[in-house]
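Supplied in structure tokens, the structure appears directly below.
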């Protein structure tokens, strides 16, 4: 049984929290964390990302989603600073934040293997959201 | 001078408000509205989308960004219900919500023509956010 | 025959029925979507029912339009623009009429069905409410009378239960694809209930399915 | 020579300088980014300066590591992981040393520069702070002494001002591409100030550019 945790990294606390609620609705039971905002300011905090990574159960693979390039830089920084036992279970996913995380959350809820969860997230890039 | 307004449609009020703050930071002066959440619940509200569209200056083209397919359905509904003079200036953009809106906001701030603003948003689909 | 009175009674009855079925619809949606279809529909039709209570409407068109607008601002999910579109099509079809015969009911349902297809960009067989509206509409068109109305309920019920075996290709359940097989489509169930209550309000004596047991 | 004391003094001076330059850095970033580079840097180095005030550090490595960790949790933007990476490379380079000569300073700066390149996946010429760190590092490597330090400031200043003419291909300004030409890169300016203050703390008597007028 594949267990995947999601970590949402955003410059905005509100955006991160709102997204996590949306994800919990489609994927109740999936372990989801957020590291968003820098206090009340817009920004990301590598130490908050480290903390989020370390909150994930140590049997889980971890997928990190992010909003903008500088958030990814901070996520990479965090990956270098957490213990290797955490880092080796973690991947930063270059997918659209909302669309990728929703697709991944649904897949994680279905207990799909890690590669499939990642692939679902990456497919969100090319998926037409608007039908027709 | 091309004037473009952005309307953000999301199931989550928090997500919508957070994103608008992020957009205002990269694109001060650009006219940005949000129609997000259904009261305190997760959902979208076609009448709120109509109101957002009608708040945009009547000289502006309007680009609507949305999170999930059902939000697009509600946006289409709203487009059918606003006066034609508003609807004909409006396009629903099938781009990643956060990434597309950021790219569009930057382009709108630079006063690029509507087609270029839309194209920037659509290019966000394939843009690598994480470098290297 | 559908009158202003029977249509109002239908809305009230459907709202009450959705309140009863809220949990099972949420539970079905929880398995293949986001778990809110019952909550969305119950809230939406409660709002619509309250909006029309005590109001007088000039014709069926005005009544249906009021229901549509109430749904738009209160359902929240995909079912909001979908059911609102159905009521807008009713409104167009029954404009200026204070009552319509079953032929006109059949036309209204056919127009609503067409509206749903356009709104959802869906075809029959994608595990959406269109799978229920389409056969119900066909039954009514084939026999635009009391018997056709009952046949519509039977076809709708059968289709709603058959949605269990279809993989979703539209709506949120499409994320699951083949994994959605085994769960009935919540929007198909709420649509079957729609036809049960519409038939009950217009022709009466409809035997209603116990969805809590059969759809689960 | 760089000692624990001069490095501490450098951090304090740089933090004070960033507070003065906060508005011009924000304004530059406002034109080609999101308008927060001055705020980010001033907040980050204020936090770092406060963190090390009154603390004693065993060696330059520990001091630089403390600065890096403070920046990570307080800068917020791309410049956070970038400057933090530079300080982590300093920490590795100057591990167990309570003071280092200009040869070791040159090595530390070269390692930091390499770290910035890896962190930002940037090359020289993309209108990022790498455009400043690279020539400064080269000047210091070519002449690892007081004169090299002054040459590094001169090269850094020139590169920071030259960033005006380059279209951005990395960072937020890359959204603007050619439209970023005409505005100096804020991270390049804060980096040039970094070398001004580093030189002033180590060799003294550095003439500082009036960035408010020349970078605008």
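Descriptive notes on the structure:
All chains are identified by letter, namely A, B, C and D, in their written order; residue positions are counted from 1 within each chain.
Just so we're on the same page, contacts are C-beta pairs under 8 Å (C-beta built on N, C-alpha and C of every residue); 3 or more make two chains touch, one makes a residue touch a chain.
Keep in mind the model is a prediction, meaning the values are calculated, not measured.
For the pairs B-C and A-C, the count of C-beta pairs in contact is higher at B-C. Farthest chain from chain B, judged by C-alpha centroids: D. Centre-to-centre spacing of chain B and chain C amounts to 31 Å, using the average Cα coordinate of each chain.
Between chain A and chain B, the centres computed from C-alpha atoms are 24 Å apart. Separating the CA-averaged centres of chain B and chain D is a span of 37 Å. Multi-chain contact residues of chain C (touching two or more other chains): 34, 36, 120, 172.
Contact of a single residue of chain B with at least two other chains is seen at positions 11, 25, 42, 68-69, 102, 131.
Remark: chain A residues 10-19, 21-22, 25, 42, 66-69, 72, 92, 94, 96-99, 102, 124-126, 128-131 touch chain B in the complex. The residues of chain B lying in touch with chain C in their complex are 11, 38, 41-48, 68-70, 73-74, 76-77. Residues of chain C touching chain A in their complex: 30, 33-36, 120-122, 170, 172, 175-176, 179. Residues of chain A that touch chain C in their complex: 25-26, 28, 102-103, 106-107, 110, 120, 131-132.
Listing the residues of chain C that touch chain B in their complex gives 34, 36, 40, 69, 72-78, 80-82, 84-85, 119-120, 171-172.
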